[in-house]
Amino acid sequence: MNRMPAKLALANPKVRIGIMVLVIIVAIAAVGPYTTGYGPLDYTGDIGAPPSREHPLGTNTFGYDVYAQVVYGLRGSLAIGLLGGVIATLIGVAVGLASGYLGGLADEMLMMITNIFLVIPTLALLIIIAAYIEQRGIGVESLIIGLTAWPWTARAVRANTLSLRSREFVYVAKLSGLGGARILVSEIMPNMLSYIIMVFILQFGGAILYAVGLDFLGLGPTDSISLGVILQQAVLWNAIQLGMWWWAIPPGLLIAVLLTALYLVNTGLDEVLNPRLRR
Amino acid sequence: MALLELHGVSKVFSHGMGRVTVAVDNVTLEVGESEIVSLLGESGSGKTTIARMVLRILRPTKGRILYRGRDIWRLGRRETLWYYTQVQGVFQDPYSSFNPIHVVERPLLQALSRLKGVRGEEALRRVREVLRRIGLSPSEVLGKYPHQLSGGQLQRVSIARALLVEPRLLVADEPVSMLDASTRIDVLNIFAEMRDELGTSILLIGHDVSLAYYVSDRVVVLYRGGVMEEGDVSKVLDEPAHPYTRMLLDSIPRLDSRWRGRLRLHEPLHAIGRSGCLFADRCELRFNKCAARPRLVEYNGRRVACWLYQ
Amino acid sequence: MLRVEDLRVYYKTLSGYVRAVDGVTFTLSKGEILGIAGESGSGKSTLVNYIILPKPPMVRIAGSIVYRGIDLTSITPGELSKIRYTGISIVPQYAMDALSPTKRIRAIIRDLTRGRAEGDIEEKARERLRMVGLPGDVLDRYPIELSGGMRQRVVLVISTLLDPDVLIADEVTSALDVTMQRAVLEMLASFRDTGIVRSIILVSHDIAALYQVADRIMIMYAGKISEIGPAEEVIGDPLHPYTRALIDSVPRLGVRYKTRRLTGLKGEPPRLASPPTGCRFHPRCSVAEERCRAREPPPARVGKRTVYCWLYTGG
């Protein structure tokens, strides 16, 4: 374990750039809605207008302000990433820890369930689930994504637990009279914390991407907006063909930048935490 | 009644597809009150596996392990806690014995709290006292993380944890093999003091014959999971009977003499297999009887498993 | 054969230099086995690795390493790698665990000797393997199929296949069982006796093992030499207080706690990022005086020995 993991991590240029970009994106989502007088679904009176002082990113076919849609949509997308990522990470870590530490029959059962989830074509399942739920908000979408994205995390955490379980300090804890659950939570899990953080970043990005996929198929939230929903409508109403680039490019670009930043943080952290990749 | 008894204990590890390793093969041995018993053996002798079975980390495949007559693998939850107040362990790698993310006194305080019911100021007082007793100044240890201490310091903190529990039996698995020569002897002296002053029994696992000679009362010589020879140090190490014990004593580098002649190295033949004498494949004195497994028999004040003495 | 003069090799770290080797001078003569003993952090491994495998973060601050009239510290890495295997060969610690797991021994040998060897290298390898008690079909095996002792012997055979002048062996027996340890040490001695190698530097934390085969022994402490001289003398009648404490702390067969209680060294070895002034052993030395704290002891000749201790400077 490193002495000052946070400090070391920030010394890595990839981590620094990635975090800087993320901070800017989060700031846009936080402050953005206060910089526009329009709501995402407010009719402005202008239809298909190019960017101007009044509408920084123009308006779309329905007369909605694209800037307002993007900043509110960003909020939605980040919320899905956060919620979906947290759910998937929590389930994955819990299943992996239990499976790795308990071993035996419990391990076999848990891994069987995990493997089943792993081979189910997730997107197909998502489509089916999403199609059956008529009123879909951001919460429901996050839940669907979180409940299907955890298996690989569970497998990775299990492998990690297995290797930590046979370390001598775990035996010492046992000899000191600590119970299995205590050992798992206070001795094994903290040693995986950096790893769990990386897993969460991956799950966060994965959830956003999955949500875009669902939105694009028209299975996104029905009562709120996300970047994917904007993109889907832009494509559906031929924004590019009609020359309304301001409708399609900004949300797409934002998703790309967001995922790139997450990727940078993740590979950067990997370099810091994984001694084999250290130069 | 002996403090600890192993009756026909075996441990078989299976690697799937029918492949197995016999790590411990039908071992029977005893540890009495306030004595140091050394389990001597090279890698693959099963000595660490025995230590782990006694510490309830690994479950034996066959046989029974009794502590004061009670089968340690048939203890309930509360009895297991009681067992750990009686039997404690120290492991080989001082660095891996401590959780890298916690301060080093944490396992000491945990042991006091869980096994002795001692917490708070009193617990800290006891920790300081035991550290001083073991030759460490509390200020150089308390609040430190494992990477801030040397291997020798950490190993002493490890022993301090076991000492705090005041066990009747300490299982020490190669406790000095990763330490520098100049600090090894201090750890052995601590063990001898525990035996002489507190009456603690110690099952000392190791491969260094001189260290075993220095501190133990009895030795058990293991090879490929089986007991070759067992008895008082003065018998087994001064007048070794088993060809393996003799080879072991001939091979150790000594500071008072140099090796004479060259060691004849016999590569294991694996012709005889596990049904015969476990050492037969490398034994110079092998003869036709060795295809069967010799039993441990009394011979000249020790017990030896060799057809030469049956 | 090899002359190391006032060598200082530090490790560059974020918080400054770690003085791993700090002013070491010795000569390796033709035909001798020099044993270098020391505990963890004594710098013994850094010293021998720097001779032929210098790499960052090791930094040479001062000193020279002269082999056959060439100063190894002044030549390019390319020239140094030409000397490796043919002139000075090293078996680093853990080399036996670093053999490529996907290659047969035959392929490993071919890769290492490519462009360097003459004649039928495979036949030579087979013969050498036989010499150390291994069957020739080891060539067709993968490293994982061999036991630790077999692997270590294979590594030593490979490292000496080109008959180097000097073989440096760093802790080659520490991972082996005692019976195998003896076999490997005797095998090294026979390499020297039969002229496969001319001289050997044997590094180990186990002075008793070194004593069995070394002609001379050098004891290191905290990056410096404390004593160097004929093995019999250093072990039988140690002069430096550190050597004495070290040898006294190793129990001999026949010594029992009940009849003769031994004591170890008090205290901890110094941190090499900020070593103590004067003699580096003075904080743990039972006979330290004022001058030991103030100044470094100069080398003192006592018979065939060189001792770095104020007790022997005659002053």
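Things worth noting here:
Which chain is which? They are A, B and C, in the order written, and residues in each are numbered from 1.
Following the convention adopted for this analysis, contacts are C-beta pairs under 8 Å (C-beta built on N, C-alpha and C of every residue); 3 or more make two chains touch, one makes a residue touch a chain.
The shown structure was predicted, so the numbers you read here are calculated from the model rather than taken from an experiment.
Any chain bridging chain A and chain B, meaning touching each of them, is missing here; the list is empty. The chain with its Cα centre farthest from the Cα centre of chain A is C. Counting C-beta pairs in contact, the chain pair with the highest total is B-C. Separating the CA-averaged centres of chain A and chain C is a span of 53 Å. One inter-chain figure worth recording: chain B and chain C are separated by 31 Å, centre to centre, where each centre is the mean of the chain's CA atoms. Touching chain C in their complex are the following residues of chain B: 42-43, 150-153, 180-186, 188-189, 192, 207, 209-211, 213-215, 233, 237-238, 247-256, 258-259, 262-263, 265, 267. Here chain C touches chain B in the complex through residues 39-40, 133, 148, 177-183, 185-186, 205-209, 211-212, 235, 245-247, 249-257, 261-265, 268-269, going by the rule given at the top. Per the touch definition, chain B reaches chain A in the complex via residues 52, 55-57, 81, 84, 88-89, 91-93, 96-102, 107, 110-111, 114-115, 147, 158, 161. Residues of chain A that touch chain B in their complex: 1, 3, 167-169, 171-178, 187, 190-191.
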